[in-house]
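Two complexes come next, and they have one chain in common, chain A, joined by chain B in the first and chain C in the second.
On to the complex of A and B.
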């Protein structure tokens, strides 16, 4: 046998990930054709808007909240804790940031900025805490609680933006623009690439990779995800682990919301997430497509960030609704889930060929 | 006249475990035929072959003299063979009627006819079922009767029951066994899979004893003089201890003390009813008993996986390095491994807080982990392509070896070994026994829970017999005698009431 089994497993996985994306786009061709548009032209503009050199900085900007959110999701998904609440945690992070920025507008920025960023994360973590406690102590299904918490968060934010924190001179439900001294510093002049993009790609990704792979904490998450009863047998404090993982997940989603406000919007708005592909939900696809591996997630968030931007270009240039991007994302999720199953089958076949018994 | 006959049935599972080897079995019309044997003797496998759930590797099946091949349970049901599995297959949220209706998929359905049939059947068999009540509201006994009804509606003439009384309590058992008798009087042929000797003796016309995948004997009930003869057939002839068991006599230093322990199972039934014992340093304390008498709950409570209702478990860590309690669980796959993770990780599964593998509290030392995993793999001769392979791709036997090897090689003060050699090949089993004996000589206290009486006799310094949740007797090694142990094992088996067949007179 020319290659080792591990390498064979990796090849299977890579081939499946690529065919997943391929299949999604192929299904997209059928759908675009069926509404009477030219799929080639549509995809041309999609890629122009996503991955052509001038589009790259904006794609990175889109990718940043996706990246932060999906790394947090990867942390909990490893343990098979299904946090669907990143969207709400993201909004809470954004709202907390805007409020604090308004309160601290006269404080020295070098002091206030890191505090605001930290509190944004803590806000997200706080929002993840009640579902985490319910899950860890009473076994209440986190899918339902985190999902419901999204609605609570978004309507709460909506209330705050329509009421107490509404900018009196704006026509829209949004806060006043925050003091430019508190904006996230731009790292590449002439673009909107801010320090949060750098932090996400250059600090959070390697840190998360190390943390999930080389620490006992990461390994315990894997064991819990593999079998909950085994985790108990392995002397793992499951209650504590579930809460810790959920707090990390919420923190990163809150952080994403904070940087979106400080770096891009410069105010809290009701459309902090793109309505057709909300970051909190799209992050689920990003994390799954990246096999819960932070390095791969950096790639997949860039890819899906590009799709979001590209779909807008596609809409402008080829009159195809932006919802198309949503359809492609949904198809990717479905094919990814199917490919997990296929991967298992193929791996078993590869093992059988070794005839170990 | 034979209702069914199995000839030279051999079943090899993928993974190489031979569950049945050249087994012959026949079932007469209208008899209750008990299939008796220890866990893992191959009883269920054999009957799953007869009922179409499994395909034999080789061998032939005859029904009413005609050779048949089953591709599915519904094939077998068409030939009149139905099986009531150990874990019932009704859908809890649906009503009894809906569940009965589900059993008839593929037939033309006539509600009125079904209702009359249900009524006829329940009258002749003398039980009532509430057709509109949801299954979750029924007792286990009632559910079982619904399962029977479902098979009878499908015109099954051969009924196979897999450990039907394991979920029932006293009076329900009697009622169930009476029902079996009356079914047989009505011409149904019945196979009763069981490991309870008294049950087999009470209700059956013939008894077939299986051991290690083979049929040891088929006896008419009248041929059986006493129950201990059946015990002997079930567990086999006594072998000379294979492991030299010349340990210095153990100390009287108690490592583990259990006081008045009361433990419930998942359904809230009391399974451990006041157990007290001490485990001394350097001894093997064997716990003998028929499966299901509270061993599982006792062990889970000691291992900290189940909260006792009452009582104390005192385990003092004397030595900070080896001061741990290792545990080889009987539920290997469900509890003992993280299936999606590698052989290396699974080799250190219970040591994520151990400084040897986790430095400064959180950083994994992969080279140390791999080193230890290599020791486990070579000690137990685990067959795996590499240490990185997820264990779920290994065969069942190799997964067992990883668990047993890990718990034996990890330094400990107390080791709970639950069925440590079940499912292992002879060589590995010997290796494990030898290792257990050596550990005890080094001062480790070993609690050995096994349904293999040979193993217990071979290794133990003392033997505690557990029956119906109580330790009924503790033998010293010198006074231990298989027949005596067998009779204590049966002491609390809970068939206090006489079985009376209720035969309706029409």
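On to the complex of A and C.
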């Protein structure tokens, strides 16, 4: 008995996670070959563009919005609240950031910057609030309402970018470039790595890990997730908990949008999210693949951020449509779900062998 | 001020727009009555729209296109059934994942066939589905114009409303479907094959959803656009909740929705100055939420809706 049961489960879990990714890429081979392209060459460019040393900074930049969004989603998913609205919350965060940056362009940057970042988060939280209230007080299915709110957010942003906030000299529906004094400071010279990347990986991840694992709040989410009835017996104020969790989730998505504008785009655009693998929806994959654990989510964000980044290289060098990144992500979610089934079976078998029931 | 002409036109397009959402909603309603929540309805419509366009584009045959669309819809729903019934995985997450997959796959193969830079005029099909005028009835003033000059699918959808109501509430099979939606375990003890029935209903849903999607690409338009269903499948699911899982009420809910949709299109076309087109586009989504708020509070669906069923022995 050199290896404990717990450790063995951990190993099985890791093996399963790796094989799910392997299977997703294997299925991808079929899809790439079916249009007469060479899958090995495609994957070579995918990984070159994702994880080769020069590609790492851009991969981290892609990973940052995913990380912030999926940590928020992990918070609600733990309680089995399905917020599918991160995409809309992300866009609202980006939009209010651009508007506020334009309004505050002459304010002292050291004062304006933190205010703008905070308001970006609040904007996202505000967008999550109506579905949260509808879910918590009237039991209205949050999948439907958050999804509907995504469409409303995108059309609202589209209106603002075509109308009142359109940069008159630009050919595209986008705002003017914001004052460089308000841009998120770069932390590594010669790259686009901005302070938001650092904040996400070095502050938000450990904080979330602590909160979800070691506080009463995290425990309550777990209880609500295991059963709504248990939560009521445990005297948990479910209405309040649902709203709190949704607000946190919306806040982080809004924050992600804010940093995307302040750190990368420096203006609000209609394509704040990559069209074929939108951050808000990809975040769902990240949260699930990371077993709702902030540390694993950091790793998964890096991985899927790399896939998004590498798919551009794959498109340029091997003429594979970038939709491939979306396909691989969706396949990974499906295989992860299937691996839950395998894990369940393996656990049962192990228990039977130990005669634990 | 408002002429009869405009009202008739508005009502006509409401009935016309009603078709895909009603078809999809009816299929989902039956499936949900059996206890399965299938969000991949959206994806099934999208693959239907895509497949129908591709087949119509390359063969020129609308018949083959419809057939292929329904096969594609069935294939997706079978994948959903395999994952959620046989492997008993979470229905909500599986449905969402399959929808992401279909968005990726349709956009990927569309680009792989037509190239990355779609020229200003995207590829389109020459012929689309044509309305069928019903001889005598279409002569009735106003009503004839509104109701009796539509795609055959519209008549089929209306017939299906009554057919599915009759199936659910007046036949033994309907009783069995409702029973397994409430309590699959007991239904199983009584000798009903729960999983087989659910598989069968999902085959039906896939076929119907594929056709509903095809109506978008080769019925109302003549082209395919990325993610062209734009949440129509999710809206259909919201309407099912509103209808309290009753086909007759679904017809009402879907009609109100399509009326708003038709109105929204008019607003866009007339270019009303104080209402930018983006707000018109928002209307169907906002309206769905308002409807849910008004009539969808604390509604009780089938008791075991969305819960995986594991047969105990």
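Details
In this section, the second predicted complex is superposed on the first by the 354 of 357 C-alpha atoms of A that agree within 3 Å, B and C clash if a C-alpha of one lies under 4 Å from a C-alpha of the other, contacts with A are read in each partner's own complex, and residues count from 1 in each chain.
Following the convention adopted for this analysis, contacts are C-beta pairs under 8 Å (C-beta built on N, C-alpha and C of every residue); 3 or more make two chains touch, one makes a residue touch a chain.
Here the structure is a predicted model, which means the values were calculated and not measured.
Superposition of the two structures on chain A shows chain C clashing with chain B. In the superposed pair of complexes, A:84 makes contact with chain C only, with no contact to chain B. Contact with chain B, but none with chain C, is seen for A:225 once the two complexes are overlaid on the shared chain. Shared-chain residue A:214: touches chain B; no touch with chain C.
In the superposed model, A:348 lies in contact with chain B only, and not with chain C. After overlaying the two complexes on the shared chain, residue contacts for A:281 are found with chain C alone; chain B is out of touch.
Of the two partner chains, chain C is the only one touched by A:151; chain B is not. By the touch criterion stated above, A:186 is placed in contact with neither chain B nor chain C. Ranking chain B and chain C by residues of chain A touched puts C first. With both structures placed on the common chain, the touch criterion links A:236 to chain B but leaves chain C unconnected.
Taking the listed stretches 44-52, 98-106 or 152-160 of chain B in turn, the superposition on chain A shows a clash with chain C for 98-106 alone.
Contact residues of chain C toward chain A in the complex are 39, 83, 87-90, 92-94, 96-98, 100-101, 103-105, 107-109, 111-112, 116, 226, 230-231, 234-235, 237-238, 241, 276, 278-279, 281-282, 285-286, 288-289, 292-293, 296-298. Chain A meets chain B in the complex at residues 4-6, 214-217, 219-220, 222-223, 225-227, 229-236, 347-348, 351, 354, 356-357.
Within the complex formed with chain C, the chain A residues making contact are 31, 35, 82, 84, 130, 134, 138-141, 143-145, 147-149, 151-152, 155-156, 158-159, 162-163, 275-277, 281, 284-285, 288, 315, 319, 321, 323-327, 329-331, 333-334, 337-338, 340-341.
Taken together, the chain B residues at the contact with chain A in this complex read 14-16, 303, 305, 327, 329, 334-341, 345, 349-350, 352-353, 358, 361-364, 366, 383-386, 388-390, 393-395, 397-398.
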